[in-house]
Structure formats: structure tokens, C-alpha cells
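Inspection log for the structure reproduced underneath, given as C-alpha cells.
Labels run A, B, C and D following the written order; every chain starts at residue 1.
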């Protein structure tokens, strides 16, 4: 883990409020797995003290570049959206453990389910899985047609089912609806998105192998402040717990109380 | 008085920590006199709430441009120094009353005395006076050779005496020392600089006509908050007072308790 | 339909947004910038019985997302306020909230009686919390019994409703709020500034001539929201909320915390047009949300956390 | 010559800079980033008798130049702290300040006795001010008599010097400081967080699961400076100052206000290397100023304003 001034190689809008930013710098060489994240400072002299956690979407170690995709929703990410190529950002990372894919077997199928800005880390995962020879099917859920991104990119790696809440593109409804309707069952299931989506998936596929990636508001991002803890299903008392930033953000299914 | 997004036409370093910035915008057309000032917001999303007051150094109504000269000393002015041409700044102005020169008579001599970043408003004043046919002599005081600016520009308008505190350029010493040594006496005296300088001048030239420009920490800059008040020499009780931002920043000699 | 119309004791307002006391003088300077009648109300500069010069300068200092001020209640005294400031304000119809301060209870009573008798004054705001006055002032704001007695006495002489402006520099703001409610206050204003200090590291001395000053601006907003929320659980008195407001989102947050109107202070210095912009923005937001009146934001109010 | 060397009761420090309690865990995470022995000391995460999970999430919220936290004193309990955290810390020589909390006086006593007996613990920091614990905690910090009694009882059982960490959420911090001084405190830590709240305007409910939280960061610095300055006029007890420190200038300001050492909390989240950078920057500044020791900053201290 490093703290690095990374140079913005590109930063462009790819959907409504959604931006793709490519960053160059040493942190790229430390990335171990898809699903890890970086913690980015918003600006130099800024009233926003906390860094913003963003998943690493893709990494190209040869070029020394990595991609993050973010929704410019709040004050800090809106500052990111204004930054031009050539400027630099103060980045802490890579953080967290990422998706473990060593259990998966060649020839088997992995289903990747992403909701909104939960989609980005699945792209790196999809690449890692296909490289290993695993069949990848992706289910992408968005609010509406305007916020869809990376659909084509995932299509290069396998079948893609896209749905929107308002039906303005793809299937209408939730990812779990589509998966039921299309009888998508999964040996391995990987997911990232809002908690209700993860909860519905865990309920619908109670036997799934694989893992999910969680979001939580963070302070330090490195495991020291206990801002980001979550309960274990096995221990509702809270005596045992996990930290999303350092134990996660990726956890096995049925470990975390969602 | 307007609140305007002014475009930065140029912004360059002209001495150690000293920058000259040329701004374009409607505010220029409202400028009435040299010695008025503008109140500039440091940045959009910034922990610095207060605007920075800077004197108008020069105004070119034909081109729609005005010049300010500032020392990038604190957090806010350092942000100004980083701004590139083409960007815009949120400017409130013109504010304050400026130098009145209607009393001066053609053929008479006016001595302008500036200390450090008190020099800028005197440049516009020198131009106005020479345009009117008044003889201008300028006495400029700086800390050292590295912080001297606009010496040449003033020379185009009349005689210039430059001094530095450490003697690294021009006369060594204070402006009042030089003036004594060179027997500069003045029908009209105009000054802007640190309070001790103004006090010394007032003491040395107890009969001078003309005016001085004051600095004070400001809140609103428009006369509403009473942050910037000063006492009158005639009324030490404070029942009467003046506001530097709206009654000043320029006052007649011997009006304000320095 | 006027979605922003807000009626509080003494204050029939077109909208719930007013400049905060001390940040707007008596309106003369801002009248050159816009029509004062656009405002919901105006909280006037704190007024005392006698004229006061206040503290020496520097009187303001900048801090992270905030500022310190130690003006020290400079004002021309109640007589001049009535003869010059209020008569000048007669050409406007915007409701006026007269902010009063004093060193003794008698001071407050006399100033309150005089100001509240003026036809343009719709309500009084008792500043019992100004931290920049050495005698009197601060004690009233931190001692529930003194605050209650002062409120009672001012209520007796006042011709208009009385809002008490609470200090955040207390262990328990709810105790104060309940004490002045019981004493007959018609409403609360909160919060005043938080006592703070900045030291000039070049000199090793406090930057403000007065030593300490009052902290205001976005830095204190979480404190204001917490205190308003706490007090809202304990009383139904109308609350004029303030402390760091600079955006429409802030205004909404104050309403959700329990405020019935808001005052904007420091933000007027950053942007002299802020009050107008907030009124416009709030109107737009209420329209988008199909809120028939801004006070409906209180319907969902959570009465216990 | 070590210009930064600082000796306070129990704490023989190479420099006066330490991470603040709760912002650095027990050092394990930061040990991956730098050598903990570079620090002046470490204030450990608040520890209670029994393990605690703390509050539900969200536990942090961002505010202008500040943040709110409501961790709720999550910690593994004193036994585990001793067996796992402190034994892990045995490989370091940096002085440790063990921060303790509790719901009852007995809790504090037992935790204090156990922790202070550990050879790595050089001093205790009594957190009587954590605003995020429902029972006990907050009362101790706002009532001078309770604070004094607690201090006395902990002093009786403790094997090491005791620093009392004061709450800013009080009307008069000096009264508290004097009360614990009289009760035998060896030093003071100040300030803890200021109680605040943020409301999520999408839901109309507090953003933190706990409702309120503690405000920290540069936003509160003027409050910290003011309180340290006030307390410094009233006592000669050593003060560990904290609240919004994020630059060398801030450290100097705290010293000038009256602090003898400083703790850095929130800034570790913005920049995990901040403590090291401050130590380096302070050393450089002291050298430039030819200050033979950083404590000399107190020589010019103004004892009354």
C-alpha cells in the first residue's frame, strides 16, 4: 500500500453522471486482485477531509495504468469530474483484499452481478476469470438507460443481461428478477451493488459459491478507525466483526449480516 | 458595485512572492477613482470563507481590463497565484471611495509614498495625477531588492526614489529617512503602506494635504459588519468612527487615529 | 400558492429566510444591492441602550470553513437606532426582528420597551449569548434562572413577541430552552456563535484584539443542527435556526432538524446575494417536491431519536 | 541537541507529537506504513472493561472542514487489549498512553488498574468525555464533582500518571480542569470531540446511525485553542492539546495556546503519514528559529489576556 500522486491520463463522462478516469502511477504495480480499491483525496485545500473510496475497475501493469469509474454524485466526486488530464490526484492504495478466484475450476460458469456503481470492480474480475478459462455471464442492473455503462465491454467477455429499474433499456426490473426469468443459475456467484440487491441474491442462491463486495462509509480506509465495521451472520452479538476496508470489501457469501 | 465573474487575462510573478493579475469584466466600467479596491473570493469549494481585499492598481476601460498586484503570502492569495489565464474569479467591486484629486492644482507637485503591497493603488493615482498635469514624485519602500516591483513603471511618470529596509537596492532605510535626506517636501502627499509608515509620514509632514489609504481585516467589505472600523483622531471615545471598507480605504491626513 | 409563506409569532413572512443579526447592519448597505422586501424578514444589528464602539481591531479572523468575530456589539444606541435606522426602514414592508443586548436586566428592559414600541418592529430577539461582551451578557445565556428572569422581565415590557437567542457555549442547551419557554418566550433563535480563538504564530498572541471571538460559518453547522434537534424534542416553540447556512440543502437540513425559519449570517460576506439565491432555490426545490408549504417538512419530524 | 524532546509525567518523548486516541487503533495498521518508534508517543484506542461492539453504521459523516464520528467505543475489552495488543506493542519502545473509558466508576478503576500494571503503559488517559456512550461517560465529563471523584479513584489504583481528557461540551471547561487537578490529575488532554449532528436530507433522518456524533478536524480548532488557552491561565498542569491539527503551524499554535504536547486525530485519515511529516516539519521550524527546545515556546506565554 502506497500514498502516491497519480497522474490523470484521461477522465471522461461515459454515462449520465458516470465518469471513467484512468490514472498512472506506482500504485498500479501493487495491485494484487480485482476488487481492491483506492482511497482518493478530493483536493488540496478543501473543506472535504475524507478520502473517497473507489474500486479499481481495471489495471494495465504494462502501461502502468488503472481505471476507476465513479458517479459524480456528491461534493467530492464532483470535484473529481472537473479534473483535467495531466493533473494529479493523491491516491492511497491498493486497499482491501479483492475477489479470490483460486477456487474456480476451468470450464465452470461464473455469474457476475453488478448494480449501478457496483459494476466497476466486476470488470477486472470478469477479465481475470476469462483469462483463467472460466465462462463468465454478467447481469448488470441500472436505474435507467442513461446511466448504463460498460455493457459492450462486458459483452466482449461473455453473455450480458442488462436490466433497468424503469425499463428504459434491457429487461425491466431487478437483477434477481431477470435471473429468475432467464433461469440463470450459477456455480459461482460474484456480486457488487446496493445491500438490498446483495440480500436478494443471497436469498435466491443460498448455495452459491463466490463472494460479494460491500460498501460502507469510511474514515481511514486502512483498518484503524473502525468506521466501516459489519456484523457476522454467525455472531449477531457483535463480539466478532469485520472491517469492510481491510478485511473486505470482498467477503464470502453468507459471512456478513447484510 | 457588482458581483462579477471576471476572466483572468494574465497572472504572472513580477517579484519575489509578488504577482500581477489582469482581470476582464464589467466591474472595470464602474471604477470611479484610483484607490478603490475589489473583494475577491479565493475559490469555489474552499475552507476560506472570506474574500480578499486587493487595491485596483490600474484600469483600462477601453480594453475592459484592470490590474491588481498581490503578495501571495497566506492561504488565499496563494490560491490566486495558482490560477491560470482563462479561468475566472468571483469579484465584488469596485468598493470604497479612492483618492480624491480634485483639490490639486496643475503645476504643483504631488509626492506618492508606497510601502510594499501598499504601492499598487499609487500607480493608478500617479497616472491620474500626471494626466491632470500634476508633477508626480514617487517614493517606494520595499523589504529588499527581490520584492521590488513597478519601479520602471513609476519612472515613466516622474522621479522615483526607491529604498529597501536591508539596503540591498536603492537607499537603505525607511521612506521617511529618504525623504528627509533628499529634502523632499510636498504640497500634496498621498500614501499607502503599513501603519507605522503612515504614522511616521503624518508626523514628518504635519501640514500635508492629500490622503492616505488604510488596511484593515474585513468581513463584508461593504460597510455592514463593522469588522473594519477605525477611530478618529478627534474622538478617541469612539462615538464617531469610520469604516475602512466603505468610508475609506482612503482618508484625509490627520482624520484617522493611526 | 405561496409555498414558502411562514407565519411565526409577530413575523408574517413571505419566505422563511432572513439575514442574521450583526451580518446585515440595519439593511442600508444591502439595500443598494437588492430590494429588502424580497427577504422573509431582517434580524437587525444588536442594539444596546447606549451607543457602543465595541472592541479594537482586528475584529475578524478566518478559520477553516469558519470565521471568528469580536465586533463587541458596536451600535449607535437605541435612540439613534429608532430615529435614524428604523425611520429609514419605514419605506420597506419586510418584517423586522430587533436584536437587543445589554449589561444589566434594566438595560434590556429599557431597550426592549423602546424598540418594541416602534411600529416597524414585529418581534424582539434577545441576545443573551453574545460572547464578546465582558459584563452581563454571557451570564444570562448560560444560567437558566437568569435567562428565565430576563425573559420574563422583557416580556412584561415588550409590545411584540420575544424570541430568545440561545448560546451554544453551554453544557445543556435544552435546559436553557425550557427555562425561557416557561418564562414566556414566544420563540427561540439558535445558535449564536461558539467561543473560539486563533493565535497569530508570528507574534504568539491572539489574532483578535479581544482575545477570543465567536465562531460562525459552515464549521459550526453540525453543532447548530444537533442543538436545534435536541431542543425540538423538548419544546414546540418556533425556532429560527442559524449557524453555517450557505446552501439550499443547508436550509432544508435546518428545517428537518426542527427549525421553522432560518437566518443566514457569515454567508452574506462570502456572497452578498446569498439570501436571494436561497429564497429562489428553496422555492424551486419546494415546487419540485410538490411541497404545498415548507412547514410540511416538519410533519415527518422524528420526536425521539 | 534534541530540540523536540519533551518530558511529561510518565511520558519521556523524543518529540511532542502523538496520534490521538481512536484514530490510530493500537498501531498495527500504521506499523505497516512507518516505524512507530518515530512517534513521540501513541494514544491507544479507548479501552473498556468488557469488549464492546459500539454503534451501528454509518459511523462517520463528513462536514465542512470536519467529520462526525460515532464509533461508540468499539474495543476488544481490557483483557484482550493486554494479551494481544500490548504484547504486540512490546517490540516497540515508543511511550504508550492508554485511553480508558467506562460506564461506572468501578469499570474505570478495574480497567485502569489492569492497564497501568502493564510494563508498556507509561500513562493513562481518562476519557470522561466520549459523547457516544449513553450511560455514564458523558456525565463524568460535564460534572466537576463526578470528574474529580473519578480522577481520585483512578489515581488510587493506577501505577502510572493519569491524564484526564476533557470534553468541550461544557459551559466552563476551566472549572472541570481545576476540579480534576485538585483531585490529583497529572495532566490534561483536550479537547475531545464536540457533539454534532448531520441530517440526510434525502431521508430526513440523522445520517449517523447513532443520531449524534463527535465533531473533529480543523473546524473545531478555534474551540480547542480557546479552551486550552483558558485552562492554561488557570493551571500549570501539562496539557496534551488536540483538535484539528493538520499542519506544523497548527502545532505551533497549540503550543502557543499552552499545550505541552499535541495529538493528531482526524488528519491521519486524510494523510496517514501526517504524524511523521509534522515531526519533521517541527524539527525544521525549531532549527530555523534556533529554538533550543520546543517547550521554550511557553516562555513568552501570556498569563492573562
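Heads up, the rule we're going with is that contacts are C-beta pairs under 8 Å (C-beta built on N, C-alpha and C of every residue); 3 or more make two chains touch, one makes a residue touch a chain.
The structure presented is a predicted model; accordingly, all values stated were derived computationally and were not measured.
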| item | value |
| --- | --- |
| Pair exhibiting more inter-chain C-beta contacts, B-C or A-C | B-C |
| Chain separated most widely from chain C, comparing mean CA positions | A |
| Rounded Å distance between chain A and chain D, as computed from the means of their C-alpha atoms | 36 |
| Chain centre separation (chain B, chain D; CA means) in Å | 46 |
| Numbers and ranges of chain C residues touching at least 2 other chains | 64-66, 217-218 |
| Junction residues of chain A, two or more chains touched | 47-48 |
| Topology of the chain contact graph, where touching chains are joined (line, ring, star, complete, other) | complete |
| List of chain C residues in touch with chain B within their complex | 22-25, 28-30, 32-33, 45, 51, 53-54, 57-62, 64-67, 69, 71, 74, 217-218, 266, 268-273 |
| Residue numbers on chain C that touch chain D, as the complex places them | 63-66, 68, 142, 169-172, 194-199, 201, 204-206, 211-212, 215, 217-223, 225-226, 229, 244, 249, 252-253, 256-257, 297, 300, 302, 305 |
| Chain B-facing residues of chain A, complex | 43, 45-48, 75, 79 |
| Sites on chain D touched by chain B in the complex | 64-65, 218 |
| Chain C contact footprint on chain B (complex, rising order) | 1, 3, 41, 47-51, 76, 92, 216-231, 237-239, 241, 246 |
